[in-house]
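Which chain is which? They are A, B, C, D, E and F, in the order written, and residues in each are numbered from 1.
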Amino acid sequence: MKLIIAIVKPFKLDDVREALVSAGVEGLTVSEVKGYGRQKGQTEIYRGAEYQVNFVPKVKLEAVVDDAAAAKAVEAIKAAAATGKIGDGKIFVVNVEDAVRIRTGETGAAAL
Amino acid sequence: MKLIIAIVKPFKLDDVREALVSAGVEGLTVSEVKGYGRQKGQTEIYRGAEYQVNFVPKVKLEAVVDDAAAAKAVEAIKAAAATGKIGDGKIFVVNVEDAVRIRTGETGAAAL
Amino acid sequence: MKLIIAIVKPFKLDDVREALVSAGVEGLTVSEVKGYGRQKGQTEIYRGAEYQVNFVPKVKLEAVVDDAAAAKAVEAIKAAAATGKIGDGKIFVVNVEDAVRIRTGETGAAAL
Amino acid sequence: MMSLKFKGLAGLMLAAAIVGAPVASAWAQEAPPPAEAMMEAPAEEAAPIAEAAPVEEAAVEEEVATIDAGDTAWMLTSTALVLMMTIPGLALFYGGMVRKKNVIATVAQSFAITAVMSVLWMVVGYSLAFSENSNPALQPFVGGLSNAFLAGVAYDGVSGTIPEYLFVVFQMTFFIITPALITGAFAERMKFSAMLMFMVLWSLVVYAPVCHWIWGGGFLSDEGVLDFAGGTVVHINAGVAGLVCAIVLGKRKGYGVDNMAPHNLVLTMIGAAMLWVGWFGFNAGSALAANGLAAVAMLNTQVAAAGAILSWLVIEWVERKKPGMLGMASGAIAGLVAITPAAGFVSPQGALIIGLVGGAAAYVGAVWLKKLLKYDDSLDVFGVHGIAGIVGAILTGVLADAVIAGEETAAAANAGTQFIGVLGTVAWSGIASFVILMICKFTVGLRVSEEEEVEGLDLSQHGESVHS
Amino acid sequence: MMSLKFKGLAGLMLAAAIVGAPVASAWAQEAPPPAEAMMEAPAEEAAPIAEAAPVEEAAVEEEVATIDAGDTAWMLTSTALVLMMTIPGLALFYGGMVRKKNVIATVAQSFAITAVMSVLWMVVGYSLAFSENSNPALQPFVGGLSNAFLAGVAYDGVSGTIPEYLFVVFQMTFFIITPALITGAFAERMKFSAMLMFMVLWSLVVYAPVCHWIWGGGFLSDEGVLDFAGGTVVHINAGVAGLVCAIVLGKRKGYGVDNMAPHNLVLTMIGAAMLWVGWFGFNAGSALAANGLAAVAMLNTQVAAAGAILSWLVIEWVERKKPGMLGMASGAIAGLVAITPAAGFVSPQGALIIGLVGGAAAYVGAVWLKKLLKYDDSLDVFGVHGIAGIVGAILTGVLADAVIAGEETAAAANAGTQFIGVLGTVAWSGIASFVILMICKFTVGLRVSEEEEVEGLDLSQHGESVHS
Amino acid sequence: MMSLKFKGLAGLMLAAAIVGAPVASAWAQEAPPPAEAMMEAPAEEAAPIAEAAPVEEAAVEEEVATIDAGDTAWMLTSTALVLMMTIPGLALFYGGMVRKKNVIATVAQSFAITAVMSVLWMVVGYSLAFSENSNPALQPFVGGLSNAFLAGVAYDGVSGTIPEYLFVVFQMTFFIITPALITGAFAERMKFSAMLMFMVLWSLVVYAPVCHWIWGGGFLSDEGVLDFAGGTVVHINAGVAGLVCAIVLGKRKGYGVDNMAPHNLVLTMIGAAMLWVGWFGFNAGSALAANGLAAVAMLNTQVAAAGAILSWLVIEWVERKKPGMLGMASGAIAGLVAITPAAGFVSPQGALIIGLVGGAAAYVGAVWLKKLLKYDDSLDVFGVHGIAGIVGAILTGVLADAVIAGEETAAAANAGTQFIGVLGTVAWSGIASFVILMICKFTVGLRVSEEEEVEGLDLSQHGESVHS
């Protein structure tokens, strides 16, 4: 199994979720994160004091999928999250050794 | 070493933490996340406009443990987090290559 | 490629980011998390009712870097995040199988 | 879900029927006199209050009652201030103390009560509290129905030196805040429908009579019980009802185990501050005029609130090591409650004493007593309003000042008489609240399901949540 | 970015020039009389209001007008209350309903409007609304410029029984809140610069004349149109302008698809509550005195708000299964709007009816009508203020009570006349708002860019954000 | 930890002893006359204010002083409004500007100060500010102790046309807000115990005397310094003390490096709005009556606030490219500060000028000056209150209007005299604040530890935090 980590623009969240679901992914977990990269943050100025906000709001999606489904899932995210502008984000793939569904105790691909 | 990622119901957080501690896990890190899966979110209606909230609040626990302790930790989480109802969550196990304790510079299992 | 996960004290975030950038890391993703470990949380008492806050606020940095750059990045974090006091945090290293830059479709090290 | 709610509505109607039946029959018997004939009556009805609160010039005893623009201006303002106490004041005070998942439900309770009570006061509450009961045997205990739907309350009616309509709406704001205070006791677990039903019944069966006893010419005013602005009528009354609710409903799921820390004490601070500011309308407004009595009541209110904060602060600093914002807000409310019955009877020096004692007493009530007796009065309605209210009521008897209260009143005032007032109110509020809860329990049911409680009342009761 | 903003400023100046030109020429023609000679005028100008709102004693007709301290006290208070309605009241009511990324921008609109309108009222607004136009052909439609910069408004001038300056500042608060109400219709998408420009023009071209029509001795008051506190002048006027704005600006990006749930209904609750409390100043303050009329207006206000909440609550409970906080807040505002034109003309019983009907009507407007017609009136300015305003205006004609409104006024009152008032206001506000929007569109542009809309107006318009 | 706090308490007691010693000896020497003999005095004491604020009818000079219900109504209201300025107004204004980890601690400061100052005013503050010092050599500088614990302040005492107790509580609210204003300067780093100790000493050693100088018959009123509602007594005084605090305490850890952006400008907006609304009580209330003077003071207040917002908005729009909510809130406060000394002396046209200039000056103070001089006045107490206060004080001398201020006063008014008032206050507040800080520093210590500062004051000082 693979853990697919995608960092995307917040307003793309629903598009990406739908794309993943269409690609057969049945579950995923989302966190609000702040990103640093080529896309730079805003500067906020309050009474003359500048605060460089170095981070840009992003969302991180994590979905564990079957080895076979990984490539398709990556493609789905890529297609749905792209705007072509800087800051579109990244996808990382990490190997997962085991998965468990807490409710049933199922393990492996059956747990996803 | 293994990174154990558990996504569980928020009100189970303290139970799971205690279970892990009993199982010998000495440290862990928690994030508030939103989950998508079989358990569906609420629909909120404001002045007739429906907003489908697709995500359910969950917490994600991450604990890095010794290879030997991994199975026991997974069991502990499973036991503590289960309610038997849909949405109980998942546990994923990922291999970790190295760990460092920043304060002391210790590495490997000693860093946990 | 390696995913470097660092859990550090919140007020060290900017220092660590700068250190990583100096070490050649071009992107990273940050989440606000709560940590449990040797450093204990506060007890809050409201009208005589004690609430043990078991968790301490931490930030989690995730940066995917080239295999070659991993050691240097770990060193940079270690140096920048250390205060010598309990609760300084941990660094974990996980193997990453693939990376994609959504905007361009580049993969592998080029995507970072 | 649908059926659940209809059960709720049905229960409400049932409740209305229960109340309505005697009301209707009483109505039929009383044969209310035509509006014109009633015109004088309200001025008389207001008299007991005027007596209890001696004004410098005995305006009410003049032959022709006329409206004073200055007094009217102040009472218009006071009405606005007391409304502000409930919304947004109390709503925020309580809203900040609950967990985030229950904040909307908590503020919604105060808001809904404001609406329901306003209409109910007009329909029958005012009449039950302030009209003369045509049955002399009942008059000591409850008003009649002659002013139901404000029949017989005239546009040019005068109450003391203010328009009668203004007296109606000023007292309406007391009718609103009293049930709203109770909601703190069962916060985070009661069904919205059950809450509404309970409050409708409680306000008619408990508040209106108790108000009549003391301010409507009932038996406690005959006894000489002093209650300037509602220490007994409002605070003890609500405090005891709250205690009964807390015990009957039982503890919140996870009480003593889960983290139930107040989610946002900034909201609580705003609420406490608005309660404080609004209390000027409550206490100084209870002079029913813009005069020296209103002035001393305002000064007393301020000094007592401040004194009680200092008490709480010092005790907490010693016991808890750190003085907290919640403690100061609690102290403020405790002091305001304690001075309420006394505001127009004691000197500022007396007020300071009442504040200092009231603050300490409420600390004991909310922190020590609750721990000891192990009930879950979520936001300490009894601990703060009940205890400080009782302390204030008793001290009013002790500290009544001849210069402020008038020689006669001050001489007659004593802790014993005050205690009778406390006792009567505790007994009636306690028993009746229990019975009403039972009625609600076996019609609409009191508590939300466990699952709904875990999910939070915002979503389960209102389908709304805070997104931030 | 810089150039963009300068474009904005340039537009603003252009707008000033557009308005300024006729103003300047009118000024030149009018040759305003020296200040002393004007001293009497304002008292006369205020008379139409006094007529529309019969006071018990016809103070204004006394030979020597004098100030009554009681009336003055209440009007000082009322002014503070109405200011509080806009900031922080309306700002929070709206701020809680938008998404978190737009909350600062939303509250900033009310705040900025408060500043701009205050100055504008002094500069020319007051004069256009309340001065006598020296051209008798224009007088039915708009005031003159004789009071521009408050020339001719004297320190010792008296308006009714209050200082003239007080009348100026009390009416100023109405001039502030009316445009601020409109901002709800185009929330989350309009440029700050365009918003300012629109409001400057709208307040002078729409508000000031309509105010003159009804309260400044204009043609609608001659027609006998009744509007006690601004149902037509304020609420229908703003509601219709809001509708036009919503349609012209178009829907928010993602409307019907993205989650646009109110981000914090606690803020909305605070706002609704402060609007409610402040409305006592609005309605009871419109009696311009602390008397029986103010008292009944306050009671009516309270009862109508409560009644409308109950209407909304019940309908929502049936239709949506759960009654919500947003619904109760909306109901409250609907009831307050509906009673506004009637507050000093109907009995409390009539007020209850107006509240019940107004709440239901606004529900229809905000929930059903908007869905049906598919415009994006973000926060339902038309649905709530427009619809409830129209219902209230008509019902004022039907329910005017001889005892409260006076026999003559009540006899003359009828739905038909009221409808003329509604029609005139709808037409003028609708057409003029459209034209002004077009002017803004082709100078500074109306909407922020798509990217800015996605990022949120807090950052894009103000460079600020909420960090929590 | 425990010991730390006890050190704090000990310091407090020490401070009390320091103040108490001379107080006690003075008390012994003065042999205060029995209460009855004092009854007239307060009316006389109030006279300087009445002189400074010419009322239409010289009510205070009548043979028998009587209470006017209208004036009393307005002053009761004003007192409520000024209390609202501090809590929740100022608490929120400041609370929104700090980082989230310090918000509870920040609002707690205003709340605690409200409690402490209320009691302190009763105990000795009122007497030091407003009583006649029996030692004629001291009378120009500070009041005596004859009114300590409100001895000699009678229930039927009259101050002008209002009850004396009302004058006491109205002035109490000024005694509360002034130290609370200072807290903005050292926000996010001062110990709660040190803060309390500093404020107790400062209010007695600085506020009470300066108040006496100008309003209590002291030397500045003899000089003819004009200060209608506290531009000098309150704002310059607090602004200078704030500057000294900021410099002595030093910068916040991470200043200029860490992100210290205001965490929630919605709170700041609410606070600014409530300050604004409350300021009507502050300024129009300082007329001490409901009359034409109060009316013009209210109109002036509104116009100046609005004008200052426009100034700030335009400058910021040009310099920062985007106009912000914080800017508008800051501008509002600046305008309100600037008009405070002038509110009852200038015409509305003059008020607009004062607002425009005051807003611009405060921008310079808060944005440019602070950058230049590199002190960390966290929330710009000096930049806004100090600078705008000075500008307002001077302009009062320039713009005093014969019609409003009275011919004599206006003729005598001049910038030079005003400057003397400014200078005296700056000097005394500056020096004494420094000395008091030193006392605190070497007893309880001023700053929290670095670790506590990083953790946030909410947890470290109060053991509480916002959970959302």
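Note that a residue touches a chain if its C-beta (ideal position, glycine included) is under 8 Å from a C-beta of that chain, and two chains touch if they have at least 3 such contacts.
Keep in mind the model is a prediction, meaning the values are calculated, not measured.
Both subunit D and subunit E are touched by B, F. Note on interfaces B-E and A-E: more C-beta pairs are in contact across B-E. Between the CA-based centres of subunit B and subunit F the separation comes to 52 Å, rounded to the whole angstrom. The centroid of the Cα atoms in subunit D and the matching centroid in subunit F are 34 Å apart.
Inter-chain spacing, taken between the CA centroids of subunit C and subunit F, is 47 Å.
Counting partners per residue, subunit D has 68-71, 73-74, 77, 259, 261-262, 270, 290, 320, 324, 326, 463-464, 466, 468 as the residues that reach two or more other chains.
Subunit A has residues 14, 31, 44-46, 94-95 in contact with two or more other chains.
Contacts between chains, counted with the stated touch criterion, involve the pairs A-B, A-C, A-E, A-F, B-C, B-D, B-E, C-D, C-F, D-E, D-F, E-F. Chain contact summary for the complex, subunit B toward subunit A: residues 2, 5-8, 31-38, 54-55, 58, 60, 74, 77-78, 81-95. Chain contact summary for the complex, subunit B toward subunit C: residues 1, 3, 14, 17, 26-31, 64, 94-103, 105, 111-112. Only residues 258, 454, 459, 463-465 of subunit E touch subunit A when the two sit together in their complex.
Listed in rising order, the residues of subunit F touching subunit A in the complex are 259-262, 320, 324, 326-327, 330, 366-368, 370-371, 380, 383.
Within the complex, the subunit A residues that touch subunit E are 11, 14, 42-46.
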